[in-house]
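So the structure is just underneath, and the comments pick up after that.
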Amino acid sequence: MLTNEKLLGIGGLQRKALLAGLIGCVVALLGGLLLGERGDKIFESFLIAFLLCFGLGAGSMACMVLHHLCGGGWSFLIQRICEAGSRTLWFFFVLGILILLGGLYSGSLYEWSDLAFRQAHHIVENKERFLNPSTFTVCFLVYFAIWFAIATLYNRWSKQLDATGNHSYLAAMKVCAGPCLILYVLSMTFAATHWAMSLEPEWFSTIYGAWMIAGYNLTVIAFAILMLTYLKDEPGIKERIQTKHYHHLGNFLLGFTIFWTYISFSQFLIIWNGNLPEEIGFYIHRTDGGLTTILLILMIFNWFVPMMVLLMRRQKTDLRKLRRIAIYTLVMRFFDMYWNIAPSFPDHHGKIVPSTLILSAAATIGIGGLWFYIYLNELKKRPLTPQQDPRGELMFYEEEHSHA
Amino acid sequence: MAQVFPRSANVLVRAGIASSVLLVSVLTLVAAGMYQSPLVNSMKIAKAQPIPFSHQRHVGGNGMDCRYCHTSVDSSNFAGVPPTETCMTCHSQILTDAPMLQPVHESWKNGTPIEWTRIYDLPDFVYFDHSVHIAKGVGCTTCHGAIDQMRLTHKATNLYMGWCLQCHRAPEKFLRPQDKVFDVEWKAPRNQIEEGLRLVKENNVNVGQLTNCSICHR
Amino acid sequence: MAHQEHHTDEAQVFGLIAEFDEADQLLSAASKAYAAGYRTMDAYSPFPIHGLSEAIGFNKTYVSLFTLIGGLSGTATAIFMQWFASSIHYPYHIGGKPFFSWPSFMPITFELTILFGAFSALGSMLLLNGLPRHHHPVFNAKRFERASNDGFFLCIEQTDVQYDKEKTTAFLQGLNPVEVSEVLD
Amino acid sequence: MKTNTMNAAEFTSQGHWRTLAACAACMLALMGCHPDMWNQPRFAALQKSGFFTDGRASRDPVPGTIQYDGQRRPWKSAVFEGISGGQLTVPSIMDDTFYTGRQGEGFKADNYFPVSAELLARGRERYDVTCTPCHGFAGDGFGVVTRRGFPNPPSFHIDRLREVEDGYLFDVMTNGFGRMYSYAARVTPEDRWAIAAYIRALQFSQYAPLDTVPADVKEAILNPQPVVENPADSSAAHH
Amino acid sequence: MEARIKTVPPVLKAVAPLMEDGHSHESISRAVSDVVLEMPMPRPWYATISVGLILLSILGISTAILFWEGLGLWGINNPVGWGFAIVNLVWWIGIGHAGTLISAILLLFNQDWRTAINRFAEAMTLFAVMCAGIFPLLHVGRPWAIFFILPYPNTMALWPQFRSPLLWDVFAISTYFTVSLLFWYTGLIPDLATLRDRMPKGIARSIYGFFALGWRGSARHWFRYEMAYILLGGMSAPLVVSVHTIVSFDFAVSVIPGWHTTIFPPYFVAGAIYSGFAMVLTIMIPAREWFGMKDFITLRHLDNMAKVMLATGLVVCYGYGCELFFAWYSGSDYERTMMWYRGFESPFAWVYLCLLLCNLVTPQFLWIKWMRITPIPLFIISIIVNIGMWLERFVIVVTSLRRDYLPSSWGTYTPTIFDWAAYIGSIGLFLTMMCLFVKFLPMISIFELRLQHHLMKRGEIR
C-alpha cells in the first residue's frame, strides 16, 4: 500500500491528471467539431491518441505476463506498475467503442467502411471478408475478450498469491504465460491490421503487427521507468531497489529502442527498395511535404540520440537522467504515432496538417490524462510489490551479497 | 616453472608482426605496380611481325594519312587492316627486290593472307566501334599514341577499363575538332577544356550515358 | 619445474612472489600490500577476480575509448566509401534510386562499424597489455604454471620503491601464503 | 579476281610467350585467367580460323556465286546527303552511271552530282587521303612516293586530262590505269565522284582567268611582296 | 564456505545446477584440457571424423569437377537461379547464429548458463559460416574472380554496387566471420595458456604457447581483457542480428512474391537462432556423453537451450502465419497465387507441408519439461528442426522463383547429383572441423568454468 503521505502526493498528481485530461478532451472535441466536416477531425485526432495510449494498457499487460515467463529481479519491481496498467483495459474498451466503432459507423475513419468504395477498388474488394463493419465489430469484441481474460486471470492470481502465499498460483502464472503471450501477439497483430493498417486499405505490410508491438513495448518500458523513479521511496520498492535495476531497465529501454528502430527501418528499407506501386504509397504519403522532417526527427531523436545516451552506463544508473530519457521517449512516441497514422487519412497524404497535429496532441493529453487518473486509482488498490512472491526475497538476498 | 620461450622470442615475435604487416603492404604495392607493368598489359612492347612494317616510315616519313590503309576506320567498327593489294599499290614499283618485302610479294602471288600479329586486342565482351569515336572527335593518337614515331607498332595504352573511363567520364579533356582527328602531331591546346566542352556539345556527346554499362558491354 | 637454467650468479632479481590457495586470499593480500604502500606489483590468477585490479591500484582502461574511436572510424570509412563510389566516382542509375541511397548504405555502414570496432577492441587490449610477450620474468617463478590452473600469485617487483628483500619477504609471509619465493629475471 | 577479303592480312590471337607470362603473373596476382569470356566462340573481323586450310575466318563467296552488285557497295548515306545537297535520290544499285561513270557508249561528261562546295570539300578530303601519295597535293604528279622511286604519274594539268570527261576520271579510279591499281575497294563511288569533281577544281586552279580571282588575292598575285620570314624579326634586326 | 542462498521454492527451482558438485579449479582444468592432452579419442569420434572426411572428399571432388565443367552441372537455370547453393548458404548461416548469440547476447544479459556452452557454440559458428561461405563462392561460377566484389581501387575504375543486398551480404558475412573469429580467439587466449602450462616440452607446447601470446593472468591484463570481451560481446550481439537480417534482405528487397515481405528480417533472425540452437543441441548432446562433460553441461543447459528453441520456433511460426494471412490480406493476385502454389499446387507442396510438420508441430513438444531435459528426445527434435529449417529455405527459394509474373518465365527446379554432393560435402566439412576442434582445443571455456566455480562457491550464482 502506498503510504498516506505519498497517497496525498499522488492524489495531487491524480487531480492534475484529471484536469489535464478533461481540458485536453474538451479542446480536441471542440476543435474537431469546429474544423471538421461531420466531425471527422474528432475521430482522426482521437484515433491517433487512442492508438498511442492503448500501448500503456496492452503493453502493461504483456509486460506483466512476460515477467512471469522469464522475469528476474529487474521486472519484479515494475510488476505492480504493469499490473495496474492491465486493469485499465476497460477504459480502452469504452474508448474503443466510442472512437473505433464510432468512427467506423459514422464513416469518418475507414474508407473501406463504405460499400461503394470497396466495390470500386478491386484489391479492397478482395479482402472484404476481413474489412467490413461487422467483422470489424466482432473482432473488436474478441480482441478485448482475450485481453480481459488474460488481465483478469493474472490480476486475480496475483491477488491470491498476495493473500495466501500459495506457490501454486505462481506456478499457474508461469505455466500460462507462454500461451497468453502468444494470444496477445496474435490478437495485437490482427488488431493493428484492423485498427491502423486498414486506414490505407490497399496497403499491407507483414511486419506491421510487430511494429505496433515494438512501439507498445517501448511505451510501456519508458512509462515503467518513469513510475519506478517516482515511486522509488515507497515501501516494498525502497528496500529492494538498487542501481543495478535502473541499469537493467535502462538496458531494456535501449533494447526496445533499437528493436523499434530495427523493425521500422527494415520495413522502410524493404518497401523503399522494392518501390512497388501498391506499397510505396505508404512512404510517399509519409515523406512528401514536410513529413520528412518528422521522419528525420524520429530517426535522430527516437533512435540515434537515445541510443547514444543509453549506451553510456552513467545515464542508466543516474535516476534523473534515466527519467529524462523516459519522458523524452514517451514524447517521441507521439511523433511516431502521428507519423504512422495521420498521413493515412486521404486528405493528409504527403502533408502535415497542423490542425490534426495540434488536435491529436490535445487528444493525447486528454486520453492520457484521463487514463493516468484511472491508472493511479488502480495502482493505489494494491501494495507496490507482490507480498508473498518468493522472487522478491531471493532478489533482495542476492543483491545484498553481490555487492559484498 | 621454466620459461617456455627464450628471451629473444619477445623481439622476434614483434619483429615478425611488424614485418608481416610490412610484407603485406609491400606485396600489395607490388601487385598494384604489376598491373601497370608491360608484363601484365604488354604496353610499349613491340611485337614481331611477318614484315617489319614501320609506321614511322609511312606516316611520319611519307606523311600518309591513316585512312589510306585503314579505310573503314570512319565508317565501321573495325578500322581495317590493309589487304596485300594496298601494299602492292606502291610496292609493285618500290623496293620490289627487298627481301623484307618478300612475304608481301608471295602473298600477292599466292593469294595467301599475311598473318599480322594483333597489337590492340579488346576482350570479346567489349563492344568497340571506331567510327563513332572518329565521328565524335577522338583522334587516332589519343589511343594509338605517337604512331608516326613507331618503327614497330606497339600498344600505347594499357586498354584497362579504367583507362577507357578516363575519357568516357570526361571526354572534354580529349576531343579534337573534326579536321584534327587524323592529325598525328596534334597537341591539346591550352584551352582544351573549353574547346572540348564546345565539341561535346557540338558533336552531341551524351556524357551522362557514356558510363552506362551497356555502352560498351552489350 | 623450478630449476633455474641461467643467471644463477649474476642473476637479477625480478621480485618476490607469494602463492595463495584461494582467490579471496589473493584479493585481501593485494589490498593489504597496496595499503602497505607497495605499488609496483601484480597479481596473477587463473580467472578474472572482481576487484583485484582495483586492489592493486589499477582501475583505468582505455579499451572502450579505443573501441569507440575504431567503431566510429569504421562508420566514417563506410559512409565515405559508399558515397564516393556511388555518387562521385562512378555514379550510375540502378532502379531509379538516388546515387546517395542512404537506406541502402546502412547495412554496410553498420557492418564496418562493428568490424573496425572489434579489431580495435582486441587490438587495443593486446597493445595496452603489452602482449604478445612470450618471455616474461614471472614465468621463472616457482610453481607459476599453476597461475593458469589453480594458483593465485602476488608478485612485488624489485623496482618498487619500498622493495627490500627481507622486509618484503616478511611482509608477504605475514599474508599467510603457501610459499614466498624470489623470482629471478 | 582479287577481292578485299582474299588478300586481307589476318590477325592472329595466338599468344606470344609474353602473353603466357602475363597470364601466369595474373594468376599469381589472383586476377585469374578467364579466357572463356575474353575470347568468345565467334570470329572478329579478319580473325584466324583453325577450321579452314587457308586459316581465314572471313570467307570468299562460294565459287559460282553470281555477283549481284559487283563493286557496288552501299554508300554512306550521310556523306551522300551532304555532297548531293540533299537534292538527289539515292542511286539505285542498277544505276550504271553512278557505279561505272559510263553513260550510253561513252563516259558521263559532267559530274554525277551537282557541283557544290560540300562536294568539293569532300572530294578534297578524300583526294588528300587517297591520291596525294602519288599525284601530289597540286595534282602535278609529284607525290611523295615518286621520291622513293615510284614513276611519276601524269600531271592532271596536261591537255589530255583536262579534256577527258568526269566519267573517265571516275573510271580510272574504279578500274585502275597503267601502274595505278583499282581504288574501287578503298573509295566509295560517291567519294570517287567527289574526287573527280575536286580534280576538276585542281585543273581549273592552274588555268583560272584572272577575273575569277578574288580582289585581295589578285592584288597579291599582281604585286608580289618580297618574302619576309617574320616582319617582327626583321624590324628587330634593323634596330 | 557457508551457503548463502536461501532455499529456492520448488516452483522456481532450475532443473539442475550449473555445474555438478565435487569440482575444484584443478579438476575443472584437468577434465577439460585432458581431452586435448591425454585422453584417447573415443570410438565415436573416429567414426564421426571418418564420415566427415569421406563427405569432405565428396565436396572436394565435386567442386573440382564443378570448377572444370562449370555451373551447368547444378540444377539451376532460369527462373530458379538460386537453387541449393542459396538454400545451403542461408541454412548454414542460420546455424552459425547460435554461437555468437550464446556468447554475446547471453553475456550481455548476464545469463550464467552460457559459460559451459559458449566455446563449443562459437566454434560451431565459425565452421558453419565457413560452410556457408563455400556456396556463394561456388555459385558465382568463377570463384577465382570473386575478389571483383571487393571495393578497392582497381584497373577497371569500377566499384561494386553498394545498393545491392548481395554486396551487403559479402560485408555482413565476412564481418561476421571475422568478428566471431576474434571473439572466439579472445576467449581462447587464457585457455591456451592453460594448455601451454600443462603440456610437456615439445613442439605442441610451443605452438599453443605461441598462440597464448604469453598470457600470464595478470590482474591488469584481466581487467582490460574483461572490458575487451564485453565490448566484443556488445558489438557481436547486434552484429548477429544484422547478419541474418541482411541475408533476409537478399530476398525481401527484391519484388518477387514470396520474397518481398516485410516480416522477413525478424522472422529470419528468429529462424536462424532456432536452427542454430537445434544444431548446438545436435552436436552437444552426443559430445557431452563421449567426452565426459556431463558435469559441466548439465540438464539445466539442455533445458535452457530447448526453451530458447521453443521461443524462437514460435516466432518462426508467427512468421509463417503472417506470410499466409497477409498474402491473403494483400488482395494481390500474385501474392495469393504464390501462396496457393506453395501450399497446394506446386510439385513441392509436400515440402511445404513437411516443413510445417517439422517447424510448427515438433517444437510444441518442448512445452513438456520432460522433453526438454531428456537427451534422446531432445536430440531427435533438434534433428527434425534442422531438417525443417533446411526445408524452409528450400521452400522460400524454390517455390517463389519457379513461378515468375509471366507464364513465359515459369519453370521448375530439379537438384542434380552435384547439388547434393555440395550440400552433403559441406556437412562433411563441418563434421571434420568439429572433430578437429574437440581434439585440439578445449571445448569448454576453462577459465570461465573456474570463475563460475568460484562464484558458485561464494554463493553468488546457483
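Points worth noting:
Each chain gets a letter, A, B, C, D and E, in the order it is written, and its residues are counted from 1.
Keep in mind that, in the parts below, a contact is a pair of C-beta atoms (placed from the backbone, for glycine too) under 8 Å apart; a residue touches a chain by one contact, two chains touch by 3 or more.
Predicted model only: the values in this text are computed from it and were never measured.
Taking the mean of C-alpha positions as each chain's centre, the chain lying farthest from the centre of chain C is D.
With centres taken as mean C-alpha coordinates, the chain found closest to the middle of all protein C-alpha atoms is E. This structure's chain pair with the greatest number of C-beta contacts is C-E. A separation of 45 Å divides the Cα centre of chain A from that of chain C. Computed from the mean C-alpha positions, the centre of chain A lies at a distance of 68 Å from the centre of chain B. Rounded to a whole number, the gap between the C-alpha centres of chain C and chain D is 82 angstrom. If each chain is reduced to the centroid of its CA atoms, chain B and chain E end up 51 Å from each other.
Across the assembly, chain E contributes 157-158, 165, 196-197, 209-210, 214, 238, 245, 249 as residues in contact with two or more other chains. Along chain C, residues 90, 95, 97, 104, 132-135, 139, 144-145 each make contact with two or more other chains. Multi-chain contact residues of chain B (touching two or more other chains): 1, 4-5, 10, 13, 35, 165.
Residues 4-6, 8-12, 108, 165, 238, 241, 245, 249, 252-255, 260-266, 314, 318, 321-323, 326, 328-332, 367, 458-460 of chain E are the ones touching chain A in the complex. For chain E in complex with chain C, the touching residues are 24-26, 29, 151, 157-165, 167-168, 171-172, 175, 178-179, 182-183, 185-186, 190, 193-194, 196-198, 209-210, 213-228, 231-232, 235-236, 238-239, 242, 245-246, 249, 447-448, 450-451, 454.
Contacts from chain B toward chain D in the complex involve residues 31, 34-35, 39-42, 45, 47-48, 62-65, 67-68, 71, 75, 78, 80-86, 88-90, 92-95, 107-108, 111-118, 121, 123-125. Residues 95-97, 103-104, 106 of chain C are the ones touching chain A in the complex.
Chain D meets chain B in the complex at residues 2, 4-13, 16, 18-19, 21-22, 25-26, 29, 37-40, 42, 44-46, 48, 54-56, 76, 128-130, 133-134, 144-145, 148-151, 179-181, 185-187.
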